Amino acid sequence: MVTLVSYIVVSAALLGIGIYGLSVKRNAIRILFAVEIIVNAANINFAAFTRYLNPPTVSGQVIVFYSIAASAMEAAVGLALILVAFRLNNSIDVRKMDKLKG
Amino acid sequence: MEVTLAVPPDVVFVILATITLLAAILALQAKELIYGAIGLGISFIGIAGFFVLLDAPYLAMLQIAIYVGAVVVLILFTIMLVRREEGEEVTEKSERGEGAAGLWIAGLLAVSIAGIAALAGPNLAQTPPNAELPVSELGPVLVTQYPVPLVILALVLSAALLGALMLAKVER
Amino acid sequence: MVNIPTTPADLIPFIISIITSHTFITLIIFPGMIHLMLAGSFLTWYERKLLARIQLRIGPLYAGGPGGILQPVADGVKLIFKEVILPYKADRTLFISIPLVLIFLGTLPFAVIPFGQHWVIANLDVGLVFVFATTSIFPSMIIIFAWASNSKYPFIGGLRSLFQQVAYEIPMWISALSVVILAGSLNLVDIVNAQAKIWFIVPAFLSFIVFFICVMAELERLPFDLPEAEPELVAGWYTEASGAIFMALFLALYLKLYMMSTLVTDLFLGGWWGPSFLPQPVWTILKTMVVATAIIIPRGIYPRIRVDMLIKLGWTRLLIIALVNVFLTLLIVNTGVLAAWGL
Amino acid sequence: MALNPWFVIMIWAVLILIMMGPLLTIPYLIVFPSRKENPFRDMPFESGQVPQGYARHRLAMQYYPFVLMFVVFDVVGMFLFAWGISFTKIPISSSLMVLLFLLLLGAPLGYALRLALRRENW
């Protein structure tokens, strides 16, 4: 039986995967993947809670809409930063991005 | 005996959850970054499936059009811009058991959230209340009830567009 | 709703009830599989024949049937038994699986595209956005295929294809927006039903022009066929495709052509509405063929435009015209001009 | 019919894979077992030249600003669809908000285009 808890469990698992990637990976693009996965885990929760607890209104869906828009913009700026980092360091390894200037 | 010819939602849910989680793991663990981007895209499509199950079909389409249609394209583009010819440039080897530590932290977090949810489970709604949400519901709510976030969204979009362009521009 | 069989004797009525159910027929026969395969292969023959006529040639002739109409069958048999060549150091998994994904993406939108009042596979409330979301996955698949080929021409062609489809998707959506405003729905059946009195090409003529140009750019047709420019890039992003892979890509492209033509018909040309001496699906298919002809003909006539002209056309002119037309539509709807026309 | 359209779409998707899958898998099953390595046959096509160097060069930077603009206007487009279906049902003052939204986005679009179209920037 699919209940609200099932959605929370899936979302928690996605969050775990995202946190793992965020803490272990060194490749800047993979870190961005991890961030996107975490945002999506949160989106599932918003949609599930608004469906199960607050059904005639769609306020949770509105939050998901803004969240999707914001994370798309975050990806755009993040990838531009990665491009600049690659141009400066010739690498996208976050360990090598330890200089404050250039 | 009258039955509707339909797969029970549980089966669909389990399949979707498996696809989403495996694809998310592929996104982080695949050797080649292109495969990682594909895994990320499949994971997004799985989440769109969850939105369909949650009676939010417009959100599902939004998810596919924005994430798979645009963000994954941008990621693929950037991957092709930052490749070096010698292949994968970042070694993913963890030092001094960082990988194990990350796994522990993430697992602990996920298990604790899931555990709390499961403990609170009996108090939460077991089945979704029957409510028909027409597709046209999202638009009026967006425009009439939340007009200020809309203007902020426009500013965020402009800032992101110009900021990203100025960052990526070649400086002379 | 059917009765589940309990004894073997019940099994046959059960199967018959499934096979004769409307959903099954729509899935397998009419807007479904058989129709799509026939339409896709017919279009390959039709394009060759039409281009040949434009250039005063005869075109396919010997494959049997009137005018060599069995040519697609011959081509298919030939291509299936040809050798599939994997380029050196190509990414084998992606190179093999992406054509299947492209066919899948080309076929999936037909689930929501109606060919008649009841001739639609799934009457989906977000049908139009479903079509757009599905087609927006094409560019990333193409660039992945081009990357997997590990060859220079496909890679350049793939980048061009990605960039071009991405540039023309936005004007396409915004020109479809004025249709959505006029119909007040995203359901394609509702959109066509709203055109019973007047086709949307009349109140939204500018949108139709913009949408049609964007469709041609999305389909990489001349004058927008930069991604597969033969004199420059051999065959663009499918240079390395051979045998069955080439056939799959070809089929996917023609299915996409058919899908886009049907979409233009349903959005602007009144779908199945027409004099009632012909059944509804016939009208849809006739109009679709007219649109497909209009998309194909420039290939025999026009030269190719330059990349910078492509950018400027897409991002400045078409986008602005589409936005202006949205405002015009708002004015039309608000001032009640349409009410006078019976909408 | 009482069937959920999403369920029908799921059947349709599975059907496509069943019908179109053999189109590609059967040729592979026929062709691949009999293959031998042949570096001359597998060479990428380069108009008769022997291919040299790296095929996946970084030469796409000039297209980057347009992909970026696409990501931004994708969001705008999807929002406009959500507003467009309900245009006749909401008060006109709310629609003015959307016009303000579009006007606010107009200026950055113009500036971004100006940046993007200057070839020396990329």
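Think of it as A, B, C and D in the order they're written, each chain with its own count starting at 1.
Going forward, a residue touches a chain if its C-beta (ideal position, glycine included) is under 8 Å from a C-beta of that chain, and two chains touch if they have at least 3 such contacts.
Since the model is a prediction, treat every value here as computed from it, not as a measurement.
Chemist: Which of the two pairs, A-D or B-D, is linked by more C-beta contacts?
Modeler: Result of the comparison of A-D and B-D: B-D.
Chemist: Give, as an integer number of Å, the spacing between the C-alpha centres of chain D and chain A.
Modeler: For chain A versus chain D, the centre distance works out to 21 Å.
Chemist: Quick check: how many Å separate the C-alpha centres of chain B and chain D?
Modeler: The mean C-alpha positions of chain B and chain D differ by 17 Å.
Chemist: How far is the middle of chain A from the middle of chain C, if each middle is the mean of its Cα atoms, in Å?
Modeler: Here the centre of chain C sits 33 Å away from the centre of chain A.
Chemist: Based only on mean CA positions, could you tell me how far chain A sits from chain B in angstrom?
Modeler: 7
Chemist: Could you list the positions in chain D whose residues touch two or more of the other chains?
Modeler: Each of 2-3, 6, 56, 60, 63-64, 67-72, 74-75, 77-79, 82, 84-86, 89, 95, 116 in chain D touches at least two other chains.
Chemist: Two or more other chains touching the same residue: where does that happen in chain A?
Modeler: 65, 68-69, 72-73, 75-76, 80, 83, in rising order.
Chemist: Which positions in chain C touch two or more other chains at once?
Modeler: Where chain C meets two or more other chains at a single residue, that happens at 1, 124-125, 129, 136, 147, 159, 162, 166, 169, 184-186.
Chemist: Any two chains that touch count here, so list every such pair.
Modeler: Touch list across chains, by label: A-B, A-D, B-C, B-D, C-D.
Chemist: With touch defined as at the start, can you tell me which chain D residues reach chain C in the complex?
Modeler: 1-3, 5-6, 8-9, 11-13, 15-17, 19-21, 23-24, 26-28, 30-32, 39, 41-47, 51, 55-57, 59-60, 63, 66-67, 69-70, 73-74, 77-78, 80-81, 84-89, 92, 95, 102, 113, 116-117
Chemist: Write out the stretch or stretches of chain D touching chain B in their complex.
Modeler: These residues of chain D touch chain B: 2-4, 6-7, 10, 54, 56, 58, 60-61, 63-65, 67-72, 74-79, 82-86, 89-91, 94-95, 97-98, 100-101, 104-105, 107-109, 111-112, 115-116, 120-122.
Chemist: Which residues, counting only chain C, touch chain D once they are in their complex?
Modeler: 1, 21-23, 27-28, 32-33, 80-81, 83-88, 96, 99-100, 103-104, 107-108, 111-112, 121-125, 128-129, 136, 147, 149-153, 155-156, 159, 162-163, 166-167, 169-170, 173-174, 177, 180-181, 184-186, 234, 239-240, 243-245, 247-248, 251, 308, 311-312, 315-316, 323, 326, 330, 333-334
Chemist: Taking the complex as given, what residues does chain B use to touch chain D?
Modeler: 4-7, 12, 52, 57-58, 61-62, 65-66, 69-71, 73-74, 77, 80-83, 85, 135-136, 138-140, 142-144, 147, 150-151, 153-155, 157-158, 160-162, 164-166, 168-170, 172
Chemist: Can you list the chain D residues touching chain A in their complex?
Modeler: Within the complex, chain D touches chain A at residues 64, 68, 71-72, 74-75, 79, 82.
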